[in-house]
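Structure incoming, see below.
All chains are identified by letter, namely A, B and C, in their written order; residue positions are counted from 1 within each chain.
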Amino acid sequence: MLFIFFPIISVVVQSFHVEHEQVIRSVETCDLFGCKQSTTIDQEATAALRAESPLGQFAGLTTYLDRNHLAVDEVGATWNRTDSWRDFGSQMLNLPFYKAMGFTLTYTFVVTPLVIILGFVIAVAVNSATRVLRGPLIFFSLLPMMITPLVGALILFWMVDARGIIGTTLQYLAGDPNLSVKASTPLMWIMLMVYGVWHSAPFAFIVYYAGLQTVSQDTLEAARVDGASRWLQIRHVIIPHLLPLTTFIALMQLMDNFRVFEPIVSFAANAHATSLSWAIFNDLGGETRQLSSAAATSVLTIIGVAILLSPVLVRTWRDFDRK
Amino acid sequence: MFLKKVALASALSITAGAAFAACEISGNVSIVGNEFPAIHTVANGAAACTGGEVKANLTADHQKINLAGMQGNPAEYTSAIIANSSIVALMNEDVIRPLDDLVAAYGQDIPKNQLITIDGKIMAVAFMANAQTLAYRKDVLEEIGVEVPTTYEEVLEAAEKIRAAGISQYPVGGAYAAGWNLAEEFVNMYIGHGGEFYVPGSAEVAINNEQGVAALNMMKALTEYMNPDFLTHDSNATGAEMEAGNVMMMNMWGSRMGNLMDDEGAEEQVYSNITVGGPLTVGGGTTPASTLWWDGWTVAKNISDEDAVATFLAMKNGTSPAILNEETMSQAVWMIEGYTPAPVNDGVFAAIAAGTTSYPMLPYQGLLHTALGDNLSDFLLGKESAEQALADVEAAYTTAAKEKGFLQ
Amino acid sequence: MSSKLKRQPPAVTFLIVTILAIWMLLAAFPFLWTLWGSFKVEGDFFSKANWANALTGTLTAAETGGRFTGDGYHGAWIQEEFWRAAWNSVIVCFFVVTISLTLGTLGGYALARSTYRYAFWFLLAALIFRAMPPITLVSGYLPVFFQWNLWGHTATTIIVLVAINQPFTLWMLHSFFKNIPAELDESAMVDGCTRFQAFRNVIIPVMWPGVITTGLFSFLLAYNDFAVTAMLLSKENQTMIPKVASFLGTTQTKGNVMFAVSSVVSVTAPLFLMIMFFQRQIVGGLTAGAVKG
């Protein structure tokens, strides 16, 4: 347990601090190509500051409220400056946090239900196939999830290129030879979501499929004897039976989709869509790592997930009460 | 193809054994660095030293682990191989040691120009260089009757002619992928326009000015001749476009020219006509719109003096003239005595000769680079004005610099 | 089940077959395309000129003399010694799956049968842990691991992967165990079994579909993980995915993408065998009459 909670605590602590003041000095720098004036950090002066408070300066909520996160001042100013909702919205999307939230929420609420529905349909379909076919069917159904996203997305990324096989097909279908998925923001969003559904549907499928194996055959038999049609059997026997699993899938999918990250990187989509996880990656991936900023975004992500999951959690809480 | 490589590799290991036998160390060496062939060569050269253990961890994620790995005491890594952009992250946290006494005692034979000094202290030893310069299709430029462009304005003219002649609809290429690549292109273009990134002597950014707007407008003008997907094109994708015969002119890394000009990945007509030019200037300026880069090695601070000496000797051996042979010669533009450049390296040397500036080695440049990469694509997509994009960059940078303690 | 299929009206059968056919096409086509393309050179498979090059293999013929080439496989497995990384992945996957399933079945069962509220809090805490982006977690671990000299070892990575995965495993098995009627083990306990015997003799035989499925996810996590393995493993302990990533190249250097493609294709084959092997367990499930629900 300690192992699990140590990093969370350290991240929370980190998010309330910013780095020491860095004492900057003008110096001459020489490399292979000549000398020039530049600046460097005065290590002696900075070391003294560092020794005083090893965690950095305590900043309270400053990092959370600054422009690269909740941007309270900027939102306030925008609110006063703009007079229509439309205008306000577009100005908000210029702020990195709200831009990321815009895509993250859309993605989460589009992908999650589609994954659940598609996964269920496939599970029922595979379950009705003959026994011999099921092994290969399961294997191929799981492929989108099994191929490592690193290479899977690379290949798909190339396939949707304007000269790739899917890209060319789309151009043909749309009758527009200049159509390029990668150049347009709406198409990029759609592609990311399609990829998300494609990649996660096997997850819902296999969970449902395993759940279907525990459906009581007696109950089904009884329903059949009573003359229930196939649809009624699904409606009244199978769906109630799979409900706990649906809660589980919904929880996992909401959480994972809220952290959408890999497709954005693999599809180089960051010009068109960003997410909170991508922002963290971006903070940590630069030449100078922005730990406090990444920590604050992480805490905001956790809060976001908690809010998102609260309805499901309340339900689970009630379940426990009932027992 | 593979047989050839294997044969060369084994030949290399034989000669390596003979050439490096002289290196004797008493201490342990552990290297962290990026992963590409030239760095492997250096690590192998260092590993040829006997008397102590030499380990190397070469990975594309080296920047994520080198700092953490050098902060412990004793440090996990005794040496980090870095570039001029990434050395500042190590210097900011004070994890690398000045090399003056080691150079005085053991490194008198290292050429002076390889020593990177900051504030009079030697902090790193450079061993290779890189820069972005023009790559163009000789045959296409001849066909439309245009001289090899030396400025971006000439690139635009040539591009218009190529398009008008129906040779290619999108004749210009560039690594404009949103993020690091796009920011790098802006840095090039802004320097080419004579811009200064900061208020002198401070961490205060100052790019929302005439030069900044001019640089963005030139980039936008170039993107008109680029494949509409340009914001997703990193240097891999741009290189592939050129090899496919779609792109006729582009600004490309010197280290990748070899791949463009070899016989893999392209038709004969294409690869035999790809030629390396010099760096381009822009807006009538004389400083090329490009930056020079070097890769070099450092020695960790939190290690015993014994290991530091061993590391110094091993790394010196790994970047000594002895590592150069037929196989390694073409891996990079080595800044090592005895290196004979091939035609593919003309661009980098032209860039050095033309007085190209090196990428700014400033404690806070990384923050600005990240901010540029995140905010410029909105302008290129036509969603906002150049001034607004630059204002966004400044605001994002200022916030990040406050979080990092560079600004109060 | 097959008898059930016969009783279905043709319309339903047709619908099912159509759904399956479309889904199979969507799921398998990119893979089959990759399988085909892995025998081409990069200029063909990732052609920027015309996608049909991947079918005809124009450049493959020009560069290697044949329409198909095994260069990608040769390069990855022999030249780059991909088998080392593959073996490391086998070790990591095996231990991650074994440890998390052992802890997960016992913990999940206990949580599902427990009437105390703490189960809820425990799951909530576990969920928060999973909500945290792994990259932040790893950044938190890094300095500590370097300090304690734990960095680079396979065991450290296994523990971190188990820790990241455990909340998920627990929750999933918890849901499965809740699906198994409590009457089953309660009746066993009435017959004089202890809780543990009830678990062993009654629950274990019926839990396989859930356990196998959960195990599959643990496996996939360990197998596909990049964020943790890339940053926590030293070169000699490197698993497959970081190795594949190293084939892809960086800004200033060109990688060898076909090595990456062929290594990914070649490690999918053992997965196929594995699923064919375990699908009996998944399909097996509960026999009619075992549950009086």
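Criterion: a residue touches a chain if its C-beta (ideal position, glycine included) is under 8 Å from a C-beta of that chain, and two chains touch if they have at least 3 such contacts.
Values in this document were obtained by computation on a predicted structure and should not be read as measured data.
Report the chain closest to the protein's overall CA mean, measuring from each chain's own CA mean.
A
Please name the chain that ends up farthest from subunit A once chain centres are defined by their CA atoms averaged.
With centres defined by C-alpha atoms, farthest from subunit A sits B.
Return the distance between the CA-based centres of subunit A and subunit B, expressed in whole Å.
Computed value for the inter-centroid distance: 32 Å.
Where the CA atoms of subunit B average out and where those of subunit C average out, how many Å apart are those spots?
Centres of subunit B and subunit C (C-alpha means) sit 37 Å apart.
Starting from the mean Cα coordinates of subunit A and subunit C, work out the distance between those two points in Å.
So the centroids are 19 Å from each other.
List, in ascending order, every residue of subunit A touching at least 2 other chains.
Those would be 161, 284, 289.
Do you know which subunit B residues sit against two or more other chains?
Each of 64, 180, 234 in subunit B touches at least two other chains.
Which residues belonging to subunit C are in contact with no fewer than two other chains?
Each of 46-49, 139, 245, 257 in subunit C touches at least two other chains.
Taking the complex as given, what residues does subunit C use to touch subunit A?
Against subunit A, the touching part of subunit C is residues 1-2, 4-5, 8, 12, 16, 19-20, 23-24, 26-28, 30-31, 33-34, 37, 46-51, 54, 115, 117, 119-120, 123-133, 135-137, 139-141, 144, 159, 163, 168, 171-172, 175-176, 178-180, 206, 209-210, 212-213, 216-217, 220, 223-224, 226, 240-241, 244-245, 248, 257, 260-261, 264, 268, 271-272, 275-276, 279, 282-289, 291-293.
Touching subunit C in the complex: which residues of subunit A?
3-8, 10-11, 121-122, 125-131, 134-152, 154-156, 158-159, 161, 163-165, 167-168, 198, 202-203, 206-207, 209-211, 213-214, 216-219, 221, 230, 241, 244-245, 247-248, 251-252, 255, 258-259, 261, 276-277, 280-281, 284, 289, 291, 294-295, 298, 301-302, 305-306, 309, 313, 316-317, 320, 323
If you look only at subunit A, which of its residues touch subunit B in the complex?
Touching subunit B: residues 18-22, 24-34, 36-41, 43, 46-47, 56-57, 63, 66-68, 94, 96, 161-162, 178, 180, 182-183, 185, 267-272, 282-290, 292-293 of subunit A.
For subunit B, which residues are in contact with subunit C within the complex?
Residue list for subunit B touching subunit C: 1-2, 5-6, 34-37, 55-61, 64-65, 68-69, 71-72, 76, 130, 175, 180-181, 234-237, 239-241, 243-246, 253, 255-256, 259, 263-268, 293.
Write out the stretch or stretches of subunit C touching subunit B in their complex.
Within the complex, subunit C touches subunit B at residues 41-43, 46-49, 59, 62-64, 71, 74-75, 79, 139, 142-143, 146-147, 149, 151-152, 230-231, 234-235, 242, 245-246, 249-255, 257.
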